[in-house]
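Okay, so subunit A shows up in both of these, paired with subunit B first and subunit C after.
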Partner chain A sequence: MNTVILLALTGLGLAALYFLVASGLSLVFGLADVLNFAHGLFLGVGAYATWWAAGNLPGAGSDGFGFVVAVAFGVLAGALVAVLVELVLIRPLYSRTIEQVLVTVGLSLAGVALLQATWGADPRTFPRPGWTRNVTSVFGANVPNAGLLLIVAAVLVLAGLLAFLQFTRYGLIIRAGVENREMVTALGIDVRKAFTLVFAIGGAAAALAGALGGVYFGTVSPGQGGSLLIFAFIVVVIGGMGSVVGSAYAAVAVGLLQQFVNYYGTSGLGDVCVVGLLAVVLLLRPQGLAGKVAHA
Partner chain B sequence: MTEPILSVQNLSVRIAGLHILQGVSFAVAPNGVTVLLGRNGVGKTTTLRAIVGLTPRNGEVRGTVRMGAQDLLARPTHRLVRGGLGYVPEDRCVFAGLTVAENLRLAERRGTTPAYDKVFALFPELDRRGRQRAGSLSGGQQQMLAIGRVLLNDNRLLLVDEPTKGLAPKVVTEVAEVLERVAESVPVLLVEQNLAVVRRLARDAVVLSAGQVAWTGDAQELLLETALTKSLLGVGSEAPVSARSEPGPPAGPARTKGGTA
Partner chain C sequence: MTNSMVDAPPARVPDELTPRPARWAGLRPYLPLVALLVAAILPYSTVNLPGIFEGPLNSPGTLQLLAICLVVGGLAAGYDLLFGRTGMLSFGHALYFAAGVYGTDILVTRAGLPLWQAGLLTVTGGTILAALLGAVALRTVGIAFAMVTLAFAQVGAILVARDFGGLTGGEEGLPLDVSGLPAALVGVTNTVNLYWLALAYLALVVFVVHRVSGSPTGRVLAGLRDDERRIGVLGLDPYRFKLVAFTLSGGLAAAGGVVYCLIVGGASPHITSSELTLSLLVMVVLGGPGTRWGPVLGGVLYMYLDHRLTAFGSSDAVNSLPAFLSHPLSQPLFVLGTVFILAVYFFPGGLASLRTRLHPLLHSLRRP
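And now, the complex of A and B:
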């Protein structure tokens, strides 16, 4: 029983990480039709900016409030890079899918190379508060605190995103834009501002994933964003493009499936099962669990 | 003719290699309803979408479209709409996943007071159904919502694309009544296939044929000329009130979420 609880909670921790990356990716694709392969870069920027801030930024540190400041710095850096990417590289390429893919793939490769050139290819030890290295007993299972932290952060981000989408004017514009972007424009709304905003939100969430992923794994490396991005894309497709709630359901399904199959089967089999789940969803429900259906 | 509210000069639209419009020129009077007529696929919807800046990205627009001194083709859609160009698209295009109230709220513009009183006076149903999802409304109610959204703000000109398409005869009459009242205060460029509605509303008519203007003049005179109506529109002027459907223009923009904004 303890094992099941431990696997479930570590699976949920992994799901939380996937959700933080996938939620922004899903909103960006849903609203702006941009398949952003550079999304992993925002994660890397968040992780490295947090790591750098903890050691160098006045007021920041690896423990207590200083760590909160370091994470806030990382999140801000991720959001800022995302906004710059949208304004400079993506904006001239809206509705030009092939060019977008080429630019974002190129940017993700260049971003990893830049991080490697600056801080080296080897993983760096991530500064993390002492309590995150400990475990908490949940119904007898010793669950790592870092995983619980990820779960709490993802739940807060989910709640915040839903409140933003439901109760703010820009949330309304984004929900409408995911459904019919052209009609939003025809109501006199500059939908490009909403594009920039969802990039900022997505970049911030991915950067938070980078910072908390650093806490979870204990290290940060240039390629971390890319490997997480693959599963985030799978989560977005399973959850449905443009649906934050869909991404949350899909992240939980993927995280738990991976964790349980890898434990009870052989290591790596969980990843194969996730791809199998993706195939099943695409065959039975191509729009994903909660995705929109294109208007006829 | 007094100074037109809209002047279209030599408008050509090419989409995916097809010449949909070829040098279309006409003017819209500063009051009343000017109707854009023509057989299926002659470019009526394409004309409205070109005016409001919604030609797909793979399309090319040439010519001049002026509203007063303003060159419309040089400005993005959202600025045109904020400048007083209201657009009611074909097939309503309400946001199905949003409530009626949210659909209306989306149309509010910063710095202006939305005219909810006017909209709810014209369409009391929208007030009663504020919390209902727009996707669950009937076709007629969705059309009311689509028109109501535009009427929340002051407009200098309304572009209305087939507002009676696919509606029951009773609802067609209601929509026509509303447009008649609206046209008392703001000029309307209307695309409409229902000749009974055209007879009731239109003052001027522009008839398109194969992407070119085939006839312009007094709409009522056109409708009296049965032979002319038959040759230009393919129907007699005694067409029933019921709506008839028209597929979109050839190679026109797909009405899917992908959008072209």
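And now, the complex of A and C:
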């Protein structure tokens, strides 16, 4: 029983990480039709900015309130990079889907190489508060605190995103834009501002995932975003493009499946099962758990 | 009314606008053959090109680099059959290439099959794999298709890296057991044979892609790229034609994997990564998607630059620059990625469109 609880909670931790990356991807794809390969770069920027801030920024540190400042700096950096990318690189190419994908592909290659050039290819030890290295006893299972931190952060982000989408004017525009962008434009609303906003939100969430993922794994390396990104893509497709709630459900399903199969089966089998789940969902319900059908 | 209309006499075309045949126009169809011939006799030359290659042209190191460039050029041409000619954005092409490399390696090294059997089995297996996975992935379109192919390729990468059953050698890769291979393909002195093999592969891919795109099927594929619904309205099944292109492209990639495995002498897990597919995309776009020579040129040039930029990045000229310049420049992927982004904005047709783009410029320079 202890093992099951432990696996469930670590699986949820993994799901939280996937959700933080996938929610932004899903919104960006749903609203702007941009398949953002550079999303892994935002994650890397967030992780490295947090790492840098903890060591160099006055007032920030690796413990207590200083760590909160460091993470806030990382999230801000991620959001800033995302906005810059949207304004400078993506905006001139709207309605040219393939070119947008190509630009983000180039950006992900060049950006990761830039991180590698600046901080080296080897993993760096991530500054983490002392309490995240300990474990908490939940129903007799010793769960690492870093995983619990991820879960709490993801739930807060989910609640915040839903409240934003539900109760604010821009949330309304984003929801309407996901449903029918042409109609929103026809009503005289500048959807492009919403695009920038969605990129900022996605970048911030990915940067948060980078910072907390750094705490979870204990290290940070330039390629970290890339491997997470592929599973985030899978989560987005299973959950349905453009649906935050769908992403949350799909992230939980993927995280739990991966963790349980990897433990009870051979290591690595869980990752294969996740792709199997993707194939099944696509065959039975091509639009995902909750979402619109993806058009070319 | 129509009968009272008088046919207008054909307008006289001014002399300077009548197209004149260029001086060497008659030779144009034979240019590919000439290029092939030059490439085939290249290993007999001992010319030293300092700065471009490390050793003389017929040295094994240079020949191996050239052979890798040629295989990758062929791979890019095969990928263009999907991307440039059919308009399918697949992010899983590395899977079929890796299937070719690992299939050959495992069948020769672990199962001890002779090379021709291993190669034949691998190409057949790779083609069947492409047909099966394509049949599932093609149920989605556009961006979702890209994501699904990416996920399938990721499974391949995981299977190779986790080393199920001890077949693939995991992270360390699997060196090719050369004891059972034909003697002409083994050893440093025989690199030239591998070069010719790579050249033959490239010629085969270019020939196949050229024939397919010129056939009625190829015209349907071009139609799918431009307007898929219209093909459906014409009564043709888009799914089947796309599956044909996907399978053919996968089979060609698997064949490239066989040749690559022989040239490099083994398999390493980095060829399964999605980065290889992304590089293929970069090559095709840089070269010019949907053209006969663009992807080949892009692939050869990309691979060459990828190898040479590493040396360039650690050279004195770069190291003497300030740190904020020299560090990024020492990363080949940073340079190539930046060039790629610039190419998407400013050269949408790639290298192949360079001539038509430069033509007005040259024209205006000649006649001020």
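The rule is simple: the second predicted complex is superposed on the first by the 292 of 296 C-alpha atoms of A that agree within 3 Å, B and C clash if a C-alpha of one lies under 4 Å from a C-alpha of the other, contacts with A are read in each partner's own complex, and residues count from 1 in each chain.
We adopt the following convention: contacts are C-beta pairs under 8 Å (C-beta built on N, C-alpha and C of every residue); 3 or more make two chains touch, one makes a residue touch a chain.
Keep in mind that this is a model prediction, so the values were computed, not measured.
Partners subunit B and subunit C fit side by side in the overlay (superposition on subunit A). In the superposed model, A:101 lies in contact with subunit C only, and not with subunit B.
In the superposition on chain A, A:237 contacts subunit C only, with no contact to subunit B. By the touch criterion defined above, A:207 reaches neither subunit B nor subunit C. When the two complexes are laid over each other on chain A, the CA centres of subunit B and subunit C sit 80 degrees apart as seen from the CA centre of subunit A, to the nearest 10.
By the document's definition of touching, of the two partners only subunit B reaches A:181; subunit C does not. Of the two partner chains placed by the overlay, neither subunit B nor subunit C lies in contact with A:197.
Look at A:189: by the touch rule set out above, it reaches subunit B but stays clear of subunit C. Once the two complexes are overlaid on the shared chain, A:153 sits clear of subunit B and of subunit C alike.
The larger set of touched subunit A residues comes from C, when the choice is between subunit B and subunit C. With the two structures overlaid on their shared chain A, subunit B and subunit C come no closer than 9 Å at the level of C-alpha atoms. With the contact threshold set out at the top, residues 33, 294-296 of subunit A are in contact with subunit B in one structure and with subunit C in the other.
Touching subunit B in their complex are the following residues of subunit A: 33, 95-96, 172-173, 175-176, 178-191, 292, 294-296. Those residues of subunit B that touch subunit A in the complex are listed here as 52, 54, 57, 76-78, 81-82, 87, 89, 93, 95-98, 102, 105-107, 109, 149, 153, 253, 255-261. By the touch criterion stated above, subunit A contacts subunit C in their complex at residues 29, 33, 35, 37, 89, 92, 97-99, 101-103, 105-114, 116-118, 226, 230, 233-234, 236-237, 241, 266-268, 271-272, 275, 278-279, 282-283, 286, 294-296. Partner subunit A is touched in their complex by these residues of subunit C: 89, 136, 139-144, 146-148, 150-152, 154-155, 158-159, 161-162, 164, 228, 274-275, 278-279, 281-282, 285, 327-328, 330-334, 336-338, 340-341, 344-345, 348.
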